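Structure, as structure tokens:
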Amino acid sequence: DPASAAGERLAAFYKNQVDPHFALVRAGVEAAAKEMGAGPVTHYAPTRPNNLAEQLSEIEDVTVKKPDAILFMAVDPRGVVPAIEKVNAAGIPLVNYNDRVRGGKFVSYVAADDFNLGLDAGRYLLKALGGKGNVVILEGVKGSTTSDDRVRGFHKALEENPGVKLLASQPANYQRLQALQVMENLIQSNSSIDGVMAAADVMAFGAIEALEAAGKKATMVVGIGGVPESIEAIKAGRLLATAEFNGYKMGCLATMAALRSLRKETVPDTIVIKGIVIDKTTTGPFEVPAEKRTCPKWEDYAK
Amino acid sequence: MPNNPVSATAVRSPQHWRHLFAGDGAELALRVALIVLIGSALALASDAFLSTANVLNVLRQASLIFLLAAGLTLVILCGGFDLSVAANLTLSACLAAGVIKSGLSPWLGIATALACGTAAGALNGLAVTLLRLPPFLATYAMLWILQGLAFHYMGGQEIFGFPPAFRALGTGFAFGVPVPVYLMAVVLFVATVFVRSTNVGQEIYAIGANPEAARLSGIPMRRRQMLVYMLSGLMSGIAAVVFLARVNAADSGMGEPLLLPAIAAVLIGGTSLFGGVGSVLGTVLGAIILALVINGMNLLDIRAQWQPLVVGVVLLVAVMVDLVARGRRERIG
Amino acid sequence: MPAILPIGLLLVAGALVAVHGFASTRNVANLGLQASILLMLAMPMTLIIMSEGLDLSAGAVLSLCSVVMAEALAGGHGLASALAASVAVGLGFGLANGAMVSLLALPPFVVTLGTLGIAEGAALVVTEGNAVSGLGSGIASLYALDVFGLPFPVLVALATWLLTYVLLHYTRFGTYVFAIGGNRDALVLAGAPAWAYHIAIYAFGGLVSGVAALLLTGRMNAAHPTVAIGMEFDAIAAVVLGGTSFERGDGRLLGTVLGVATITVLRNALDLLGIESSLQVVSIGGLILLVIVIDRLRRSRREQVA
Amino acid sequence: MNRDDTDGSGQPASAVPLLALRNVSKTFPGVRALDDVSLDLHAGEVHMLLGENGAGKSSLIKVLYGAYRADAGTILCDGRLVEITRPADARRLGIAVIFQEFSLVPFLDLAQNIFLGREPRRPLTRLIDHGRMHREARAVLDSLGLDYDTRALAVDLGVAQQQMVEIAKALSQRARILVMDEPTAALSERESKTLFTLIRQLRASGVAIACISHRMQEVFELGDRVTVLRDGRRVATLPAREATPDQLIGMMVGRAVGAVYKRRQYGKAGEIVLEVRGLTTATGVRDVDLNVREGEIVGLSGLVGAGRTEVARAVFGADAIVAGEVRIFGAIAKGGPERIAARGVALIPENRKLEGLALKRSVQDNLLVASLWKLFPRGWYRAGVARACARALIDRLRVTPPAPRRMVRVLSGGNQQKIVVGKWLAAGCKLFLFDEPTRGIDVGAKSEIFALIEDLVERGAAVLLISAELAEIVHVCDRAYVMRAGRIGGELARTELSEENILRLAMHGA
């Protein structure tokens, strides 16, 4: 409740400052902090994208700075554990978001259900394919929760549709160019690719560019995300659908969880942000630019 | 001209196109052999490999790396180094994307990329010539600065969706061949003629081989160094345009993954980091070898984790192959 | 004395005054921890650069060593045998680098760029790209150990410094590092097996990477296949900022230490100030530029005086 | 090792040679560097090795030191067959060599350099005993009369000082066999004299000495026996006393050449081409005035370190000028080498490897680098034309082998020097600054280079000639300036040119 606004200082961590998803998260964090009357938020992202060693140093440094609470997402779910334990020892409360950390103590874990995102997106594609055809998977950064869980979801969807054949599954490291080139190469060895499941929208776009350039506009692509570009692509009919991975909401809710816990309110230990599958019919709410969005109601999520 | 033993007009000698490869014919032949070798292995392993479409595909993938590596080759030939090529690409692409997206003409976007690239190259050039900073470090510092500016400009966002006419530069075909491949061919031709068939090119080799001797031979060393860094910057700008047109979006991390491949392409191509030895043609072969290897691994559905390892081995094989050629070049007169 | 000294001191003084918490015990310990791995990479890197070489594979080899160590620990082996495995892998890569540079006379940049790929690929293949965890508490508690009031990692790093110092200035090996960079032919003509010492320089680098894996793994109580990639550039920057030159075997170990300290302090102070990451990136570039420009100006003045 | 100074020239050579090379052959791809060469070195003799550039002298030494491996032939030490496959083997046999190329390590101090490869170590820890090393280095330097600081870094030494340290390094090995490859090439007369005294002392103490030199008077001053090589073969070995200069030169080149090049004719000096007034530089030149006219060869002499090189570099724009002015054809010259070169000035630098050549480029590339814009004014380089032009220069300079595409690095020192000189010939220059153009060049090539210089002035060029060999200045120049400690000590007209006058000015000033 804004009633007990206390100007708390927050520190928020990101995996990189490159991916627009994290820009949405950041917008959500800022919005919620402002709404609840917290103090300024300092944001930390490694100077080299997804650099674990740098993130470790940043955690250590932030521990010295002693913010009131930390919002944390891990570049690697396991490697950060000792550093998180140090934060625990220093008595600074943490909220985990985006990527789960496999150890340490957190007030709450706020994230999408990556497995179900993969499953939903996968099911949507396979249904559109009518339960048959050939598909490929584009994975993200190996070892990250987001990629691994989503890919598991894809595979579950595939199991449910034995008529669909998985031609290849290659990582493209959440990079557009890499996805583009992997796709270009896969097109060469596989004459008919009916569908693509990408663990993130950026990779879906890379794949779409490759498919369109090869004149294979019929191939259907699904991604996971929902950044502004995805919405445009869905409306333009280039992207079939994307499973909502709502960075803005995640930023909001993680911040709310941190502030509420600081204000001695109870906070559930897990907050799952259920995402819908965004397709042509459901783009509406996502067309609002980040600065005009509002945070969701806490009560809707803290059951 | 009292002391001229021979003047250009006094001597009539046929012009050999072969001089474009003068000096390192053996190295280049070995690289072509390497390509043929990898190619035949892939052709045996995968039916898809030898299709025209796939060959063009490999060339298109090589083109981006090559565009970036071509400028770097010039700098290295001149005895310098440029670690900032990829960061320069990122910043140029981001600024150009910003311009195009703000509704201005794509031409202006292209101009922005080229201007930004060249300007950053000029800064590198000034650091090396005017301040006489060691190139490796100066361009490393520039890498951070350009990258930081790109981060700052983009603020974590991406800019996407460009007009089709612009995108044709990256995705288009002419007479069945991808546009970037033409661009690669043009750059290869112009750069090769430049380094092999102009006085300035000869001077670049001379500076690379021994800067002090070149200076004392009356070569305007600083102007030439300035030139190669600016050309390298320009190539980053050109690569930025192709990149943008190809992926239809800009983000502040787009260039970074290209840095090591670009350097590797130059090195696999047989250009010596000590300057004065090498060729742009070698670099094109290097870029093709890299693209070929990755293409092959995708076609055979080999897990991507193997990629760095295979690329590392290829790089080492390429330079070891040079050991065979090296002795020859030193001695055959 | 290289320009890094006044700039480093200025930076520390500025941080002491302007950065809240910079001088706290906890932060000083942080600085020590953060500098220790970089210092361990930078010590052999100094010798390698002095020998007119370069080691781009250092970060990747360190990551691979860490993976090997972690796999051994996770597989239930003891700390000693895990360390032995890690050192063996590091040494193997060092020897391979050294052999190709020394015996085949291949350019170090190319050789180590190749072995970078091989080490990175090997780590990725072994781990399937995932982090290795479940190492038990042994290595973490070793990492957290305090010896005579010094954290264990800092102690290991200081020991590496001391060892490198003695090697460089009090052994033939060290003298020959100067000679290999300055005039390798002279060493050959002096009857010394220059090729062997040349290999030894890289082998030393691999060996230290193998030991440094102890700190890296301990720090995370896990291993990650690409965690230290990119750190070699920080190490190279530290070495060159410290006044070691790529040419003619001119090197300064103390300068490297100052270089490591400066880079660490800068990043730490910017974190404590909560400076935007994009500006951090710019300021790292700015620092490097500043140091080399000042070095350059001072040097040209000296050249004029001489 | 330094016994009383006795003139050992009369000492008989012992019966069994200390070291003997028998039928040694060595082939490099395309070159037969050594062809069935035999050589004896006796205790207490100085054995001079003579030969044109590329005759195989350095190769012979490298074979006997184990730096090169001979294709055929044997080596006997004290009459016993030995294997020398590595320098370490040679050292063990008591062989020390001073090489043509410097072998100092720039960032090690003098003591470390002198003891490189033989660092004294403490018994238990095996750590280097710095104290002892410096003490012993001090002793060696003292024996040479050198007061250099043993803690000074080699990089801070001048060329001559480096050469003296090389000598100290060889002496400190207390070798039984001492081989020197052109030790005096970088030394001034005075330092050479010190060295000769020392060589005589060593000879008296029973050391076998082999010495390569391109200076004929040294052969007679020092040598007991002389071996002449030509094209990798031994032409003759004879007692120095029985030889005459003309005879030796005849053997070396296979044709008759005068021992010292003599100017063919003196022309009339024209207008002033170069005028230097009050030149002062940060490199140590103080208030230098001089001028050179069209058709003139003007010498610039002085002891090593007098600052002659620095004058030439400042004129060429390679070093910054602190005060004073340089006029070329009356107009003030400003800017770096590219601006000065564009006005028709050529500098032939003294250090060919560092300043003169791109060692990994071809002969052709090196020869044409300074005249690209002269040959191809439009900027389009034509390889065929370049090749033909390079061939013409190679013929004119008699570069061996005459292969334009060969890498310069594998040429012999003298041939490399010819290329440094040659690269300015096609550039159409009017003022030539020659800094030690004949360093390390054989007599034949020397006279060719002087003929070339004379040819240049006859066609109206102006030449400033720096040479450490006084005889060259005396016999070639129209007049000469003598420098001392960065200043002009005096000027000598042709009639006053003599070695005594030059030395007087160089050492005491006017």
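Should a chain be cited, it is by its letter among A, B, C and D, assigned in written order, with residues numbered from 1 in that chain.
One rule holds in what follows: a contact is a pair of C-beta atoms (placed from the backbone, for glycine too) under 8 Å apart; a residue touches a chain by one contact, two chains touch by 3 or more.
Note that the structure is a prediction, hence the values are computed from the model and not measured.
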Taking each chain's C-alpha mean as its centre, the one farthest from subunit C
D
If I rank A-B and B-C by number of C-beta contact pairs, which comes first?
B-C
Can you compute the centre-to-centre distance for subunit A and subunit C, using the mean CA position of each chain? Integer Å is fine.
34
Subunit B and subunit C: spacing of chain centres that average the CA atoms, whole Å
30
Centre distance in Å when subunit B and subunit D are each reduced to the mean of their C-alpha atoms
43
So subunit A residues touching two or more other chains come to 17, 47-48, 142, 171
Can you tell me which residues of subunit B touch two or more of the remaining chains?
144, 151, 155, 274, 303, 305
Can you list every residue of subunit C that touches 2 or more other chains, as numbers and ranges?
124, 128-129, 276-278, 280-281, 284
Return all touching chain pairs.
A-B, A-C, B-C, B-D, C-D
Complex contact set, residues of subunit B against subunit C:
127, 131-134, 136-138, 140-149, 151-152, 155, 260, 263-264, 267, 272-274, 303, 305-313, 315-316, 319-320, 323
Quick one: which bits of subunit D touch subunit C in the complex? Just the residue numbers, please.
65, 67, 86-88, 90-91, 97, 99, 101-108, 112, 116-119, 121, 126-128, 130, 155, 282-283, 320
Can you tell me which positions in subunit A touch subunit C when the two form their complex?
11, 17, 42-48, 51-53, 56-58, 60-66, 76-83, 102, 141-143, 148, 171
Which residues of subunit B touch subunit A in the complex?
46, 48-49, 51, 53-54, 57, 60-61, 64, 144, 151, 155-158, 160-161, 171, 243, 246-249, 251-254, 256-258, 294-295, 298-299, 301, 303-305
Parts of subunit D lying in touch with subunit B, wherever the complex brings them together
28-30, 316, 318, 336-338, 340-342, 347, 349, 354-363, 365, 368-370, 372-376, 379-385, 387-389, 392-393, 396, 401, 403-407, 409-410, 423, 425-430, 456, 459-461
